[in-house]
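Please go over the structures that come below.
There are two complexes below, and they share subunit A, which is joined by subunit B in the first and by subunit C in the second.
Then we have the complex of A and B:
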């Protein structure tokens, strides 16, 4: 009888910490999203779901939803595809492959804000080295981050540059776990390179791929630093993702209620998308 | 079982990352936290009789006179040490929101942009200053407009460090090279914006033959910032907000405001006489001879002298046949409501704004003073007839005759952020009408929450 409680006892420290540091802040966020600033002696006014209904009627919010989805629809497949490709290349048994592995992981070691600032200097439309190269090659200079059509793609590029090496590490670990005997057996059965990839590598990679897909999606939905540092959500709100709009609501527009409501809606959105991803990538092995 | 397990794992993962992110919002942005040299001996804690106060302020001000002010203050007040925590322009406002919004006790002295005094007062970030100030004669010490900017609901909330004014700097070498007569120093021969554009078109050219202009005719200093941009619409007679400071539609996007925004847009997109750079880069562009004319603050002389630019000074331009309007207003200092050392903080503010510190600050920062004693000194001292100190002759005139303060509204932070965003977009090619109409709606929504404050 006693033994039944033992596992829970062991789980308790982790559960308590999760409750304090994860569940409580979310509950607090939920509570904040029901209040509006009152200005008198710090007394905030309870407004029910006004912050939410306000958001639903606000085209800036809907535009942010669109930008967030647009960004993720492109950045996630690009990152995961490239990371998988990179992992396959890095898994090749070549002389000196260790050196290539190290080089491709360098962006991981650069902090994102520093990377953003360096990219910003290189992409400066008036002074940047990118435009000097373009002009040198006979192309016309580009506005990059100052153009509402290019800015989001530049951020996708920077996020990918930074992220691919990181996610490739997980996939590389997964690839190295695939038993060699399966490849040998498949070869003996007459499977070509493509068959081996489709019938051996891919099914056995579903678990690491699921992890990478889910973790990458969450990371990108919550990505904030590049927009904050490079574009402040502009030009014309073209990079104003939900995280940026939430930050601005809290710390620029003095409206923590609206900021919390955005974060709660973002949380629901991410949960829905991740539920979908689990369903699609469910491993049958 | 497996399904519910994976769902659990997924939810925990999302919760973990989402919560991690929300909490990072509350974290301090990377600070350039620098203790002023001489204020804190490393490894030595201030003894029990010493109070240490912290001032949150703008980057580089330690080098522009604030350290000297602190040294003087600490000499007079051996019991008080002053520590600086400095942030770049935009991050300063955000840090204040984060820290004072969460009632942090970290700061004692808060640096406040003039128009934000009412915002911070409404939000309860600062305490009324008057009962704390030891100088009783401050009312006669500062110019009226600076006192007004520091007052909310009839109470002095923040003391002016200085006010400000803008002049037209021009690069003599570039003018000579193109054979164009430069603008005059004479207030009565002030150039119009039309004259500026005419000259700027001739002064924008390519030096290395790559087909890209690398010398530009004109640039603002505070590119896209309300402080400087509002002088354009004010010159055309437009007000950015209603009298109550709570309505933007019909004001920030009025016909005349739009005309000013179009002019700004044309500088970058039609005439292409201004480089598409940021406010942080503009001073360096003039200092390195890439810009022929530059409307900027008096504080730039130090930088331009150091860079050895061959420059001249002229009064701020205006639209032909219209009103002359120049930017004004500047930084104030207040005592944080959550400070535990309010008296020591007020003592420092007193020294910095009324006492000897105000002169040390003027000598280091080169801004236009709010302090009447220093203004009188400028007026009387023959030294200020000579270039480049004669810049204060123009600045003093503008402050008295043409200066137009920024709008008075408890929602200035929201107003300014959206205004700056619109002007940034306009610079990058957005249709001015669309940009202004968009922010007018957003401003109205953001300003609505302050209606309860209006009596």
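Then we have the complex of A and C:
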């Protein structure tokens, strides 16, 4: 269509804001990671890759890398598996399924901070309702978030409660696009329920599954609110993921250089893992 | 054969009921606790009886106290104001940009669209710290601008609108051109009125993301005057950690509003979510 300048007028406001508030900060982050607080207040000194080499020699950083990987190795398969299970349940043709769908989507509307606060109260070791339920059922009370062995699992539990419904939406949409004819054809060929799942549902679900796997992994690598609200990275740094460490560097220890370097390394780590996931999920065809 | 089918049916039902219970339990527990008097909150927790899960002395003092003493009215006002401004400008700017991408051929189109895709793949947390420096230089710390403006241009919203606009027939726009309508008129009087479903899903996504945002408002506002609901909630864990009934009441308010919006508009939200998932 004609009028050459017209599309630019429509684009300009959004594109200018995207450049200022999304693209420029990425460049700024890269630049920050090469600077450290100088001797003169407000003047940062160029330090090259010192922030990065400093991190590589820092055992707090390596422990944080370990915690981040540990968290993700468990939280992602658990969430994706449960989301797939939930999507299959939501896809069942039963009376009242609409009500069950609505209930499953409710955690989408509950923010992560709220979810954290509510679970935190219920999981209070002395006064929480979870421990009294455990005692009522004849188990011994648990320390939950105050234990360095349990805290990370509690955060996995809360993140899963909040996230599964959201990821199930994508998978449910995928399931509903599987043509019913394929199932009928498979049944006529004598395929059982499991065969139909393996040979019809699963291959056709590959695309939504890949999307959910990658998007969920990114979200969980960047997860930060539960640690900030519940544990501040403790006890004994057992929940000190890289985002928490970066946030502390920037806003507690006033070292934006170190904070930015951590985020850049985290981004590289995420890109590597996503690349690996794409490769694995594709080669399975 | 029939017996087996009804058996799986009841098994599925059972799993669904258990799942629904796990999902709802923390929320119902919060609602129940929020209508108890402060002294009753932990009274019935242990040992577990029916009183643990049902309130006996129902009172709304926690809610009244939140608004009368803790200025929750202004917290709610801030959150609504910030969310609605983001929705208004986000939908306007996003749909305008999407209109250009969907209905025009111009130089640099692919590069610019690539840029849009890039920005919604870069997670906010990664740019939060440099963004703070930028907003600080603009003098927007502790202002509504600081919370709203960085959230207005949203790559996902542009993408959603573009997908929808691509399906609108070009002939419709061309005939309006023949009648002498300007592009601005065509956008405002023809394209947007035809795009109600996608507008609802984009608005809902922007509203919920702003309602739920925590890290950015935490960083960018310091004073009570601009406090939004998620930050006010996290104060309860640090500053007023023992006023449990109010904490429960505040969280009930914080989750009930988006739930009430989401449930009737579920269909649109799911459309929005799934469109964003189909990227190829």
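One rule holds in what follows: the second predicted complex is superposed on the first by the 257 of 285 C-alpha atoms of A that agree within 3 Å, B and C clash if a C-alpha of one lies under 4 Å from a C-alpha of the other, contacts with A are read in each partner's own complex, and residues count from 1 in each chain.
In this section, a residue touches a chain if its C-beta (ideal position, glycine included) is under 8 Å from a C-beta of that chain, and two chains touch if they have at least 3 such contacts.
All of these numbers come straight from a predicted model, not from anything done at the bench.
In the superposed model, A:142 lies in contact with neither subunit B nor subunit C.
In the superposed pair of complexes, A:110 makes contact with subunit C only, with no contact to subunit B. Once the two complexes are overlaid on the shared chain, A:254 sits against subunit B while remaining clear of subunit C.
Once the two structures are overlaid, the count of subunit A residues touched is higher for C than for its counterpart among subunit B and subunit C.
Of the two partner chains, neither subunit B nor subunit C is touched by A:150. In the overlay built on the shared chain, the residue A:187 is in contact with neither subunit B nor subunit C.
Once the two complexes are overlaid on the shared chain, A:21 sits against subunit B and subunit C alike.
Once the two complexes are overlaid on the shared chain, A:222 sits against subunit B and subunit C alike.
Contacts of A:243 after superposition: both subunit B and subunit C are touched. On subunit A, the surface touched by subunit B in one complex and the surface touched by subunit C in the other have residues 18, 21-23, 25-26, 29, 113, 127, 135, 215, 218-219, 222, 224, 243, 246, 250-251, 256, 259, 263, 266-267 in common.
Subunit A contributes residues 1, 3-4, 6-8, 10-11, 13-15, 17-26, 28-29, 32, 86, 89, 92, 94, 100-115, 117-122, 127-129, 131-133, 135-136, 161, 165-166, 169-170, 173, 207-208, 211-212, 215, 218-219, 222, 224-225, 228-229, 243, 246, 250-251, 256, 259-260, 263, 266-267 to its touches with subunit C in the complex. On the subunit A side of its complex with subunit B, the touching residues are 18, 21-23, 25-26, 29, 36-39, 41-42, 58, 60, 113, 125-127, 135, 141, 143, 146-148, 214-215, 218-219, 222, 224, 232-236, 243, 246-248, 250-256, 259, 263, 266-267, 270-271, 274-275, 278, 282.
Of all residues in subunit C, those touching subunit A in their complex are 9, 12-13, 15-16, 19-20, 22-24, 26-27, 29-30, 42, 45-48, 52, 93-94, 96-97, 99-101, 103-106, 109, 112, 115-116, 118-119, 122-123, 125-127, 129-134, 149-150, 152-153, 155, 158, 173, 177, 183, 187, 208, 211-212, 214-215, 219, 230, 233-234, 236-237, 244, 247-248, 251, 254-255, 258-259, 261-263, 266, 269-270, 273-274, 277-280.
Subunit B contributes residues 3, 6-7, 10-19, 21-23, 25, 30, 93-94, 97-98, 101, 103, 119, 122-124, 210-212, 275-277, 281, 411, 413-414, 417, 421, 424-425, 427-430, 435, 442, 445-446, 449-450, 452-453 to its touches with subunit A in the complex.
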